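A, B, C and D label the chains in the order they appear, each numbered from 1.
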Amino acid sequence: MNSEREVKGFASDNNSGVHPEIMNQLLSVNSGHVLGYGSDIYTEEAEKIFRQIFGKDTKVYFVFNGTAANVLGITGVTNSWDSVITAFTSHIEQDECGAVEKFAGCKVLSVDTSDGKLTTSMLEKHMHGFGFEHHSQPKVISVTQATEMGTVYSPEEIKELADYAHSKGMLLHMDGARIANAAVSLGCSFREFTTDAGVDVLSFGGTKNGMMYGEAVCFLKARLSSEFKYIRKQGMQLASKMRFIAAQYIAYFKNNLWHNLASHSNKMAQILYQKIIKIDGVKVTQPVQANGVFVILPPEVASRLQKKYFFYTWNETINEYRLMTSWDTTPEEIFDFTELLKQEMSKFLRTKNV
Amino acid sequence: MNSEREVKGFASDNNSGVHPEIMNQLLSVNSGHVLGYGSDIYTEEAEKIFRQIFGKDTKVYFVFNGTAANVLGITGVTNSWDSVITAFTSHIEQDECGAVEKFAGCKVLSVDTSDGKLTTSMLEKHMHGFGFEHHSQPKVISVTQATEMGTVYSPEEIKELADYAHSKGMLLHMDGARIANAAVSLGCSFREFTTDAGVDVLSFGGTKNGMMYGEAVCFLKARLSSEFKYIRKQGMQLASKMRFIAAQYIAYFKNNLWHNLASHSNKMAQILYQKIIKIDGVKVTQPVQANGVFVILPPEVASRLQKKYFFYTWNETINEYRLMTSWDTTPEEIFDFTELLKQEMSKFLRTKNV
Amino acid sequence: MNSEREVKGFASDNNSGVHPEIMNQLLSVNSGHVLGYGSDIYTEEAEKIFRQIFGKDTKVYFVFNGTAANVLGITGVTNSWDSVITAFTSHIEQDECGAVEKFAGCKVLSVDTSDGKLTTSMLEKHMHGFGFEHHSQPKVISVTQATEMGTVYSPEEIKELADYAHSKGMLLHMDGARIANAAVSLGCSFREFTTDAGVDVLSFGGTKNGMMYGEAVCFLKARLSSEFKYIRKQGMQLASKMRFIAAQYIAYFKNNLWHNLASHSNKMAQILYQKIIKIDGVKVTQPVQANGVFVILPPEVASRLQKKYFFYTWNETINEYRLMTSWDTTPEEIFDFTELLKQEMSKFLRTKNV
Amino acid sequence: MNSEREVKGFASDNNSGVHPEIMNQLLSVNSGHVLGYGSDIYTEEAEKIFRQIFGKDTKVYFVFNGTAANVLGITGVTNSWDSVITAFTSHIEQDECGAVEKFAGCKVLSVDTSDGKLTTSMLEKHMHGFGFEHHSQPKVISVTQATEMGTVYSPEEIKELADYAHSKGMLLHMDGARIANAAVSLGCSFREFTTDAGVDVLSFGGTKNGMMYGEAVCFLKARLSSEFKYIRKQGMQLASKMRFIAAQYIAYFKNNLWHNLASHSNKMAQILYQKIIKIDGVKVTQPVQANGVFVILPPEVASRLQKKYFFYTWNETINEYRLMTSWDTTPEEIFDFTELLKQEMSKFLRTKNV
């Protein structure tokens, strides 16, 4: 590799590194001994910040990654004979290799959506068999905020889903791997579209927005977490040197770092989007509300672009590709990329039209 | 907390922080984008180092922590109807909250030992029912090196266990959470008491010896790992920003950092041991071969000492306590601690003898 | 309960009792001692019959019930990181309380169908992510024959699904809880639409067609069953007095008992169907190919009928009800029931039309 | 097989058939339709009998076999991070292929005993780590009554274990696969050594004492069973034609059939024991309190006897064999067998002494 420049692209926000302020915090907590497994002052401090953000009745447990946050959070509020209902495009349905089924033992039921967002009417299909022992009991509705399709639920939409869930004795889970991008997009506090909207369990992510590792399982009603310490340990997710996860969250919330980083990546996605819609022959398939842009491109154009700026195919059948921006994406990269796209598309269209 | 000094103690080697050279490596890989989930040049480099150390037929997979390394490594080579045989004091029996049973589905069978070390004759008790569907099939023998009791297997002892396992169609698993301390203690290369001695699967730890997080599941016969990538992902242990685990191992092996750190902590344990055996009324219960010293103390003495230098009770019934040294333990701390112990013991004995 | 008559109805074929010839066989094997767990001459004989029917390369394992046959058969050919694709209406998706997920650890993915039957084009939605560790690996396609909607796959349709599965490295599983009804409906031997059509694993049911208990997991390629004996035992499905399951199958196949019973129930369903379609205002929603008739009725009519002849609501949203016939359904019951239905419908329509 | 006689032996009480009165009851309930899955009058009646026997606060759930009764009963009262403590010789430790670990996810911890019976002092070894998330939480003590070694706990011994369990927030589980033999041996009602002695969950067996199949999970405190209906269904143990399990229990309790059968087999064991102790060179290793006799024999003698009367090797290392009597063992068989044993032993001793 000649330079870091060559590997930058639009593949995923987790291809970026760690923000310097988070790195500095790791250095600053690295002295002396502290007790392991979370009995240290940094973890205490980070937990306090979470309670300030999400409300006093919040219990937060740090784990290593987003898959674990989702799987263990769901395990914490389900029995193996329950079901979790989610969008077909959600991470727990598509990208966790069946970890919910393996660990929670639950059935995961999905519904098709156009934009990654659930609505109550979509859920009706799975709302039956309550109390009937032959049927997995509907127990959790799981939304992703921002969604895997780059869209964002409004606080009202979340509230409607939460009310619906609660009216049926169910709970609302939120996969917040990109929750910062959603908050910035909505111009809301985290609390407005989580605790205040009725969310019960939240996976609060940071790795895609400048952290190194470590996610937070937040029980927004503390009573739901009564046995979670055992679930985390048996789930292989209790970090011995916990201070280094806590430290990252301390830095993440200090001086609104999370907000600055997510604002930047969302803004980069908007610039990317504005450039792309002006290019003939490229179709954007989803509203751009967070830090992802979904486009339909001729595969030959895509593969030429991917050599310089890597990005992933999303849906082969319709030649859909996903472009993710991140906290360290630069306007120059976007200008260069879209210029290239423009040239390649124009070449492509010329050839086709001859 | 007035100063970091106050929280230093002998509780656990994981109460220490991260060695500066490892921190520096984290900084040095933190630029630009790299693909996530291990498809990056740092992971490639770290994997190469592991092959150099353990042999060409090694396949290494990084995970977040030691529990996961043990549980997933064992899952990789067992069916749910198999059993794993280990020492009663082993981490998988006592300290992983049943994670092997939950995730691998296996039965864990234990045997009592005096020093945490298995011998083939101890295993006979569980060697029956092969091919008999009513009985869990004995499949894995699991040893810890260095053991939870601060003792170390010789390469010959490992080889005997491996040969025994293989003669029965079983495999030998090693929990190497403190493998560096064992290597230093033996004056051996890692390979001499692992690959060359017949170990099949190894959890290679670093967190207790100066790393921040990240352990390595090493299949010393590559064919055993054919489906492990799915097990790691479904096991919630596939890191997105993998480069930061890989980087730590790169630094760990550079200039024999691992050796220097483990030598230091072993040496500190020897000094501690030498001081302690000279103190009247204190009994050391285990050979000191790595970085742990097990002592029997009057509880009132222990509790007074724990206020200044925290350490854990090991076995309440017999007033046994565990003292762990680490890469950052200083001779001054040991002198001060043992001086205090001497004074408290002398006070205690005086009171008793009146 | 005044008389047995009062509880007869169209609720389910499992509401019927045991055919006298099967009862007699239970009596006839009940003398002396035989070894337990299947090492007896009756089990040997029953296994031989299965090999005669399904081919020499068949391995059959008896279990207690249909849920177990499906769940363990699927467990036998999957890893926990695999997925099973099935119809939304299938028993493993709707009626086994998540047992596949709990026991196999697998993801179960469903597709909507109009008649309970899968076609290859429906499956495309789930055919991605092969070899990609983030995604559950598509491994099994599971069909029900006859389906839960009373329809039947032709041998050609089965073959197309099997070829499709095999072309992708997948397997075809058949839930044959009502396989006898399907065979009679098709006028085929069992083998023509199972082994010969490429089915890999089959749950062969008998309880719904005159047996007391006991189902058979048939591996139609013996090599697929190499570790199944452990799965059955760990799956809590190894019967100690196995001879009594085997005996039932011996009687079931003797003198084509199975065929006579299924012919009868299919014929009763046809009579029921012919009567019903002549009644104004009742809609039959599915082709009647086995022993179930699905109808749309006014709920008040349904509830009046259910007092005399119990049957289940299938889909509340559209007032759909399921009527099942069984080996002991009599033409008189059908005449009486349909007469009643006719009267109630006519009353209902009169009231409505006033 | 020329005659039934040839296969009779002392292998296991489950090698016997079904008692005629139980067969008759199966015939007598086999008419008309009843609802499936336990919503029938026979199940209602059987449940009522269980409440009469074990007390009003009893909830009983029928399952297919003893493994399921143990595994699901334990699952009903544990979380996956709990542990179950039992004798090394217990069925859940030795003979259920790890089903507790697989299905409940729990750790099973065992202790060595001389006679298959636990005492509170033996349990101390595992009584630690309460509330400590690293350690599986001790939750259930599981005893077998009568034990796998043919011994029987007194009501006082059971009570002591129950009190001990409850004092630690734990529960007492009883595997009653041979509970009838224990009751007869003690001359007690079932209730005296179960409900009244503090047992919380009981597997009530009948298959080894004249039934065909079907065991009962009895929660002796009804509140413990609140979610058990889902566990039974997801555990693949909900019988569709439940009336045939219920019917067997109805017959089993009618006219004290259970008592007559168990009295007989216990008596046969006593006769066997009295004959055997008079034979030179044969050692009986366990008190004979139920229907098993454990003996040490020269292997050549054993193998000659096994040709006529089959029985199992129990412990190869010490040439220990198990002889089980059952409800249909005859005094003639015992006379013949012991005569043979006497002859063979005498031949053996003569050869040895030459």
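To be clear about the criterion, a residue touches a chain if its C-beta (ideal position, glycine included) is under 8 Å from a C-beta of that chain, and two chains touch if they have at least 3 such contacts.
All values derive from a computational prediction rather than experimental measurement.
Undergrad: Applying the touch definition from the top, give me the chains sitting in contact with each of chain B and chain C.
TA: Expected: A, D.
Undergrad: Considering only mean CA positions as chain centres, point out the chain farthest from chain C.
TA: It is B.
Undergrad: So, what's the distance in Å between the C-alpha centres of chain C and chain A?
TA: 41
Undergrad: Centroid from C-alpha atoms only, then distance chain C to chain D, rounded to Å. What do you get?
TA: 34
Undergrad: Could you grab the centroid distance between chain A and chain D? Build each centroid from C-alpha atoms only and quote it in angstrom.
TA: About 52 Å, centre to centre.
Undergrad: Listing for chain D: what residues touch at least two other chains?
TA: Correct list: 80-81, 96-98, 102, 133-134, 230, 233-234, 238.
Undergrad: Chain C touches which residues of chain A in the complex?
TA: 80-83, 94-98, 101-102, 105-109, 124, 128-129, 133-136, 316-317
Undergrad: Taking the touch rule as given, give the residues of chain D at its contact with chain A in the complex, in rising order.
TA: On the chain D side, the touching residues are 37, 79-81, 133-134, 137, 227, 229-234, 238.
Undergrad: Quick check on the complex: what are the chain D residues that touch chain C?
TA: Result: residues 1, 3-5, 7-9, 11-12, 14-18, 23, 26-27, 29-36, 41, 64-68, 71-72, 96-99, 102-103, 207-208, 212-213, 230, 233-241, 244, 310, 326, 328 of chain D touch chain C.
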